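Report on the following structure.
We call the chains A, B, C, D and E, going by the order they appear; numbering starts again at 1 in every chain.
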Amino acid sequence: MSNPYVPLLVLMGVAAVLALGGVGASWIIGPRRYNRAKLEAYECGIDPTPHAVGGGRFPIKYYLVAMTFIIFDIEVVFMYPWAVAFGQLGLFGVVSMLTFLTLITVPFVYEWRRGGFEWD
Amino acid sequence: MTDSTFPWLTAMVVLPVVGALAVWALPAGVRRHARHVGLAVSLLVLALGVGALLQFDTGAAATHQLADLVPWIPAFGVSWALAVDGVGLSLVLLSVVLVPLVLLAAWREHPDDAAGRPGPGTATAEAATVTSATTAPVVDGTRIRTYVALVLLLEAFMVAIFAARDVFLFYVLFEAMLIPVYFMIGMFGGLQRRYAAVKFLLFSLAGGLVMLVGVIALYLQGPGGEQGFLVDTLVGAEMSTWTERLIFLSFFLAFAIKAPMWPVHTWLPDAAEQAPAGTSALLVGVLDKVGTFGMLTLCLPLFPEASRWAAPVIIVLAVVSVLYGALLAIGQADLMRLIAYTSVSHFGFIVLGIFAFSSVSIQGASFYMVNHGLSTGALFLLAGFLVARRGSQRIADFGGLQKVVPVLAGTFLVAGLSALSLPGLSTFVSEFLVLVGTFTRHPAAAIVATTGVVLAALYVLLTYQRVFTGPTRPELVATRDLSTREKWVVGPLLAAMLVLGFYPAPALDLFREPAGQSLEDVGVQDSQPTVSTVSPAETGDHDGSDQ
Amino acid sequence: MSFVAPEVQWAALAPIILVLGAGVVGVLVDAFAPRAARRPVHIGLTVVSLAGALVAVALLWRDVRADGGVEVLGGSVLVDGPTLVLQGVIALVGLVGLLVVADRTDSHEDAFAPSAAAVPGSDYEELARRKGLTTTEVFPLALFALGGMMIFPAAGNLLTLFIALEVLSLPLYLLTGTARRRRLLSQEASMKYFLLGAFASAFLLFGAALVYGFAGSVRYADIARAVSVPSDLDPLLVAGSVLILVGLLFKVGAVPFHSWTPDVYQGAPTPITGFMAAVTKIAAFGAILRLVYVVLPALEWDLMPALWGVAVVTMLVGTVVAIVQTDVKRMLAYSSIAHAGFVLVGVVAMTSSGISSVLFYLLAYGLATVGAFAIVSLVREVDARGGAVVAEATHVSQWSGLGQRHPVLAGAFALFLLSFAGIPLTGGFTGKFAVFSAAVEGDLAWLAVVGVVASAAAVFFYVRLIVLMFFTDPAGTPGSSTTVVRTDGLTHVAIGLGVVGTILLGVLPSPVLGFLSDAAVYLP
Amino acid sequence: MTLANYLVLASILFTIGATTVLVRRNAIIVFLGIELMLNSANLAFVTFARMHGDLTGQVVAFFVMVVAAAEVVVGLAIIVAIYRTRRSASVDDVNLLKS
Amino acid sequence: MGPGVLAQVGGTAAAADFSNDTWWIVAIKAVGIVVFLLTSVLFAIWFERKVVARMQIRPGPNVHGPFGLLQSLADAMKLLVKEDMNVKAADKVVYIVAPMISVFASLLIFAVIPLGPAVNIFGVVTPLQLTDFPVAVLYILAAASFGVYGIVLGGWSSGSTYPLLGGVRSTAQVISYELAMGLSLVSVFLLAGSMSTSQIVGSQQQIWWFIPLLPAFVIYFISMVGEVNRLPFDLPEAEGELVSGFMTEYSSMKFAWFFLAEYINMLNVSAIATTLFFGGWRAPWPLSAINDGMFNEGWWPVLWFLAKLWFFMFLFVWIRGTLLRFRYDQFMAFGWKVLIPVALAWIVAVAIIQGVRQFTDVDLRTLLIGLAVAALVVVGITFLLPERRRPEPERPDEPEVLDAFAAGYPVPPLPGQVLPPSPRRARLAEQRAQDAGDGPTGTATITAAGPAPDGTTDDTDGEEEVPRG
């Protein structure tokens, strides 16, 4: 098996079959006795909040987290190859990565100071 | 006279610029003295002009003298090159003479100036503008310093352009002088001043930009280098026939717009109608000469072949201009428009003279330029006085003024007669020379153009009759006659016309040799040498022809 | 496989590092400095860094003149004559532009929102307004943009080009959305700019990929070598270079790719509009110049006709559409489109004078643009009821009579307009003359003719504004509709610099022209 | 499977992305189209890198990922700001500025 | 941290050799992984319930099968035969696919986890690992991130408020802690010189990385708990607030998949911790020395691996039994303000130490002394810095008088509010004032002192008067 990714495909196939099969099996086996209340969204028995239907709103802070995550995730992506090749890059690599980290830290500090990580 | 290395021409350019800046920067308290400063400066320039005239060697009028040559933009091959031959000098003098008169003419037309309101935009100022605009295009008092500064700036440009010996410099000035005129019309003109100003600017700029292409192309045809734009460098440049013709056309179009020739004259009546009288006098009297001056000093020497090629068409256009201008002048109801149309006719004569290619006609055309400046300047200024008194430009609003204001009527008549080239006035000499010179080469054109003289008599005399004769209209009874100041304004002009009419020889001396030189440049021989006033021996040593 | 650490000539990067470093420090200032101290510190930082960049450019110029330039970072950045000129011009014009950005008005109606992140009309915004906050982040953002712009024309490979493009664009997208007044307009302009800008940069990137596929390298020098040898892959190359040019032409607002310009110019805070109109164009044309003159000259027969067409259409559309505009900022936007066309005329000349003429034009245009928008930022509407100064008066009718009330300011604006129109004795004329003569020299006389026709038509709308300012009576009683707001004076300094520069470049352009023709030599 | 197929795929993706940008009116979708274009360019870069046996293309792809991330952040910030202002993210609604 | 260990960096261990694998070996391994995970989950659920029960001093499941071991199986069967509902407001396709994504992604990670060294399966010598490649850890992270889609899509597509908030919360949580997790792994790669799991395990022959990289391991451990939404970080499910969060609208097998995915993910992160920090399948120290490494060969290592794996599983349960749930802001603050900065600082420290050691002539002792001095200096400086005074929370100077009936129905006063004096009391006060009888100022004694002179400082810029148009 020369290509290391082929086994992955096999596993994915098995996993997919399992995932589909499980739901399918319960669909076949399970009883079906619906009524209106069962199909309503769950809100402790009172009528569902209308705005939740079709994509509700949620606090803006989540966007902020997502954006911050994207930036830092990219940073991490850069650090992996650097870490693996650490021995070959020499001092130049160390200094470059430290510079890079410094530059990444600056906005991090900025966001921190400006309350980007406060959850209120 | 004095140190011969004194840069007369440059001084005559720099002085008004400095004066304009000084006037513009006058502190708030003394702004009403702007006209004093302006007049003083313009008189100083006039003095310099006289000095330059004395310094000028009339014996070698075809040579460009009093030269100043400094590199300006070597990267483009542009130099600050000023020098004048006879024609240029005469036009420079015409400019520096007219400017103080124009300033003087505007002296009292801002009665509220003494209030000296520094803050612009108060309600009364607006009211004043509106009323003055409805009655007459007079100079608003609070903006006197702007007006004076603009006039001085314009003077600098005028002097420089008639002396420019660098094509690029000529072009730059050609365009730059539009700006002060534009503001003069737009800020101080009549009700339709915006329209007129924009029309003027767009026409001139369009022509100028076409010329710009020609300028660039011409440079590339020439030898180039750091003085590649000098006229002397460019004369005789090798170029293919059609290149030459196209470049010629680009230049000619710009000049034809400037010296309003039919059919690109339409901006002039509007501009003249709306501009204040002084501005019109400068605009038509001097500024538009840049067009004919350019034809004479740039087109002919730079594009001899193309000039010969285009001459028949141009002559036809010129004749059409003569007749068209005269005919329309007859039908005008507005005094200023009328004068403007007469100018269209006169410019037709000048162009005709230039492109008839005889030394006599060219000499006549050169002289015509000066004379037309004097007579039209006087007419506009006088018409301005009239309009200021009546508050209207409509000819129909006048009548019978002769009895009330005899001096005004008399001077107007003289100026008008000069416009129809009555013998004894200087215009007669020039017009006669033009027609004679033209006749030698294009008899038909000359004959047709001569009818323009008859038409001229019609429009001048009709106008005089409608304005000054007949029963005096009741509302005009109290009209003032010319004041001393106003007499001082028109007096010099009339005097000059008379003097040059009876004794044109000194002026003609200035033009004779340049005319011969032009003819030689364009490569045409006089068809009837006997008529020539040029001695053949003097034509060989022009500095620009022997490249 | 062994890795050899590259040797970096840091000195040659000094201008870029100074500016970007100041941006980084600026972020820290915003993080740590007390609120009251932020603005002064930012102004000091900005001025010092840009002045330092100018000095660095001047110092580098000696070496570059001697040896023609250096390749830094393995050819990623090329420091040669045009690079230094453009960096200097960018730093200079950027400095002037940032003076306007930095200014504050007496009426506390600044150009920038108290808190750009706040929802307009929300309590939070009201609170920020009452506390007198301003978005001081504009300074570091502008510095980052400037840093990107300084890299842009120096880029020596397609990757650097792309990165620089993004570094300069992203801050501008944000800056566009920070206007204090008409927030929604501003934000929408920001979004439009962002979407279209990202779209264009995607084109550039895909083009870069194709060119990389053709040449097997992203270095300009290698590509140029590969381009000169005909091969089967030529379609790849042509498609790639066209896509790259599309991305760049977008940045300069050339015509098929111009649709963002008027909206963004109108929506952005006016100081930012001036800043970006001037400096972005300089940087983007710098990049185009290098690409056209160094990388793709062998493709002249394939690309030039397209560029000619773009130049013609740009000039004509910019001019014609500007004529019908009634908003000053939109009009200036279309005028800037037309100017992009004029500059393109110089670019396609393909002569060495083409390079220097473009550089000169950009300098003249940049100074006048910054000055013009600075003036626009000062002319404000007055609230009819309270008499308070509110938003900028950008409708042309509101400018009527300005020349009578504020003759000096209106005079300066008229000067800038005349410079745009290319009236002699202004920098604009010298620039136009330079590019047109370069075009004629490059056997493109017809293009110069089109350019001349377009500039003749363009005069119309510039003149119309002058007519309004000087020849029309102001509407209403004085100060009731339109006024000029008083400021700390930085804007006036910028306007003054613009006026002086415009006149000097018009009357005595010789030293600059001489210098530029010396500098207009690219590293191979 | 030849490498050229990857190029065809990249071109198709690029076209889809560009079409999305031009046709769809929702800002987020337009934005996704742009991301698709960037990634198709990445694919092209990596494929060419493989063809030329040269690492540059892969390095470029890395940088492009970073840039795309930065673009996402800036773009989302702008879109969210408008969204909060207008409670809508459709490009059609952005009509204050005539296009 | 012996010098020998660190010197090993640079010479990376050999990767596992898969060249002998045939298609049926691969199939066996793949199916084996899935079966292993499913049974492990069943066991884990029982294990958790049992352990928690013991901690709470109760028996836990003990009815079905020996020790109640079949309890989980029974639960699973129950879910399978339950009614399968699709909520009306749901976005149908996404709603159904979301749980599948979750379980699908969670099943993938074990593909690159080495359960043991090369063994002989039906005559084929093959490593006890489905596959491996140079960026295996990157693959793990990718698969883990993919799993988040299941949660967020499930929450979004349900068309209901609780799931939406739960899904978003969960996403924010996972991505926040994924950063710290990713950063903590960097130092492992740095020392191991590889991202291939088998090579990382191979590189831990001398020492398990959790010893020299203890801070990284701690960060990893914390973030792995956060990553799988377990107590004390189980905010997305937070029964008290969100009634199970993103799973609220799910029932039957779809619910089972989410549930399954959560437990598989616990196994996953435990396996990763084992592989990256605890030597993978390697025998613990005293055993590894026995008989020339006998316990590191053959099928023995599977035992060590499972032991370590279940050690981590036990920790999960232990924590659940011990700790309380975080508040959401505490949780996010902890992630962003503690874990990530510490992780960054740790990377810098490792990079500097390794850089100086490898590329310069400075020896370790000097380096450590230098670092200690630097640390002391920094600490000293922090002592010198003036302590930031926390701004006093704004206390309302005077209790606000509440009009209890303003809304039309009576409401009780909030903190800082007081009810107005009752009419009777007011009369009384008036009476007293008159008794004092010395002037009209008397009434001032009971009314609040006038409005506090605040706000004046804000007004100095004079912006108040500017109307907004």
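We adopt the following convention: contacts are C-beta pairs under 8 Å (C-beta built on N, C-alpha and C of every residue); 3 or more make two chains touch, one makes a residue touch a chain.
These numbers come from a predicted model, not from an experiment.
Trainee: Go through the assembly and pull out the chains touching chain C as well as chain E.
Mentor: The common neighbours are A.
Trainee: Would you kindly count the fewest steps from chain A to chain B, each step being a jump to a chain that touches the current one?
Mentor: The fewest touching-chain steps linking chain A to chain B number 2.
Trainee: Going by C-alpha centroids, which chain is farthest from chain B? Tell me that one.
Mentor: For chain B, the chain whose C-alpha mean is farthest off is E.
Trainee: Looking at mean CA positions, which chain is nearest the middle of everything shown?
Mentor: Per-chain C-alpha centroids compared to the overall one single out C.
Trainee: Name the chain pair with more contacting C-beta pairs, choosing from A-C and A-E.
Mentor: Between the two chain pairs, A-E has more contacting C-beta pairs.
Trainee: So the centre of each chain is just the mean of its C-alpha atoms; given that, what is the distance between chain D and chain E in Å?
Mentor: Using C-alpha averages as centres, the distance is 32 Å.
Trainee: Go ahead and note the Å separation of the Cα centroids belonging to chain C and chain D.
Mentor: 25
Trainee: Starting from the mean Cα coordinates of chain B and chain C, work out the distance between those two points in Å.
Mentor: 43
Trainee: If you average the CA atoms of chain A and of chain D, how many Å lie between those two points?
Mentor: 20
Trainee: Listing for chain D: what residues touch at least two other chains?
Mentor: Each of 70, 77, 84 in chain D touches at least two other chains.
Trainee: Where in chain A do residues touch two or more other chains at once?
Mentor: 66, 73, 90-91, 93, 112
Trainee: Give me the residue numbers in chain C that touch at least two other chains, ranges are fine.
Mentor: Where chain C is concerned, no single residue meets two or more other chains.
Trainee: In their shared complex, at which residues does chain D touch chain A?
Mentor: 62, 65-66, 69-70, 72-73, 76-77, 80, 84
Trainee: Which stretch or stretches of chain A touch chain C in the complex?
Mentor: Residue list for chain A touching chain C: 85, 88-93, 103, 106-107, 109-110, 112-114.
Trainee: Which chain E residues qualify as touching chain A in the complex?
Mentor: Residue positions touching the partner: 9-10, 18-19, 21-23, 25-27, 29-31, 33-34, 79-89, 96, 99-101, 103-104, 107-108, 111, 130-133, 137-139, 156, 158-162, 164-165, 168, 171-172, 175-176, 178-179, 182-183, 186-187, 189-190, 193-195, 243, 248-249, 252-254, 256-257, 328-329, 332-333, 336-337, 340-341, 344, 347-348, 351-352, 354-355, 358-360.
Trainee: Mind pulling up the chain C residues that touch chain A in the complex?
Mentor: Checking each residue of chain C against chain A gives 1-3, 5-6, 24, 27-28, 30-32.
Trainee: Sort out for me which residues of chain D touch chain C in the complex.
Mentor: 7, 10, 14, 17-18, 21, 27, 30-31, 34, 37-38, 40-41, 44-45, 47-48, 51-52, 54, 56-57, 59-60, 63-64, 67, 70-71, 74-75, 77-79, 81-82, 84-86, 91, 94, 96-99
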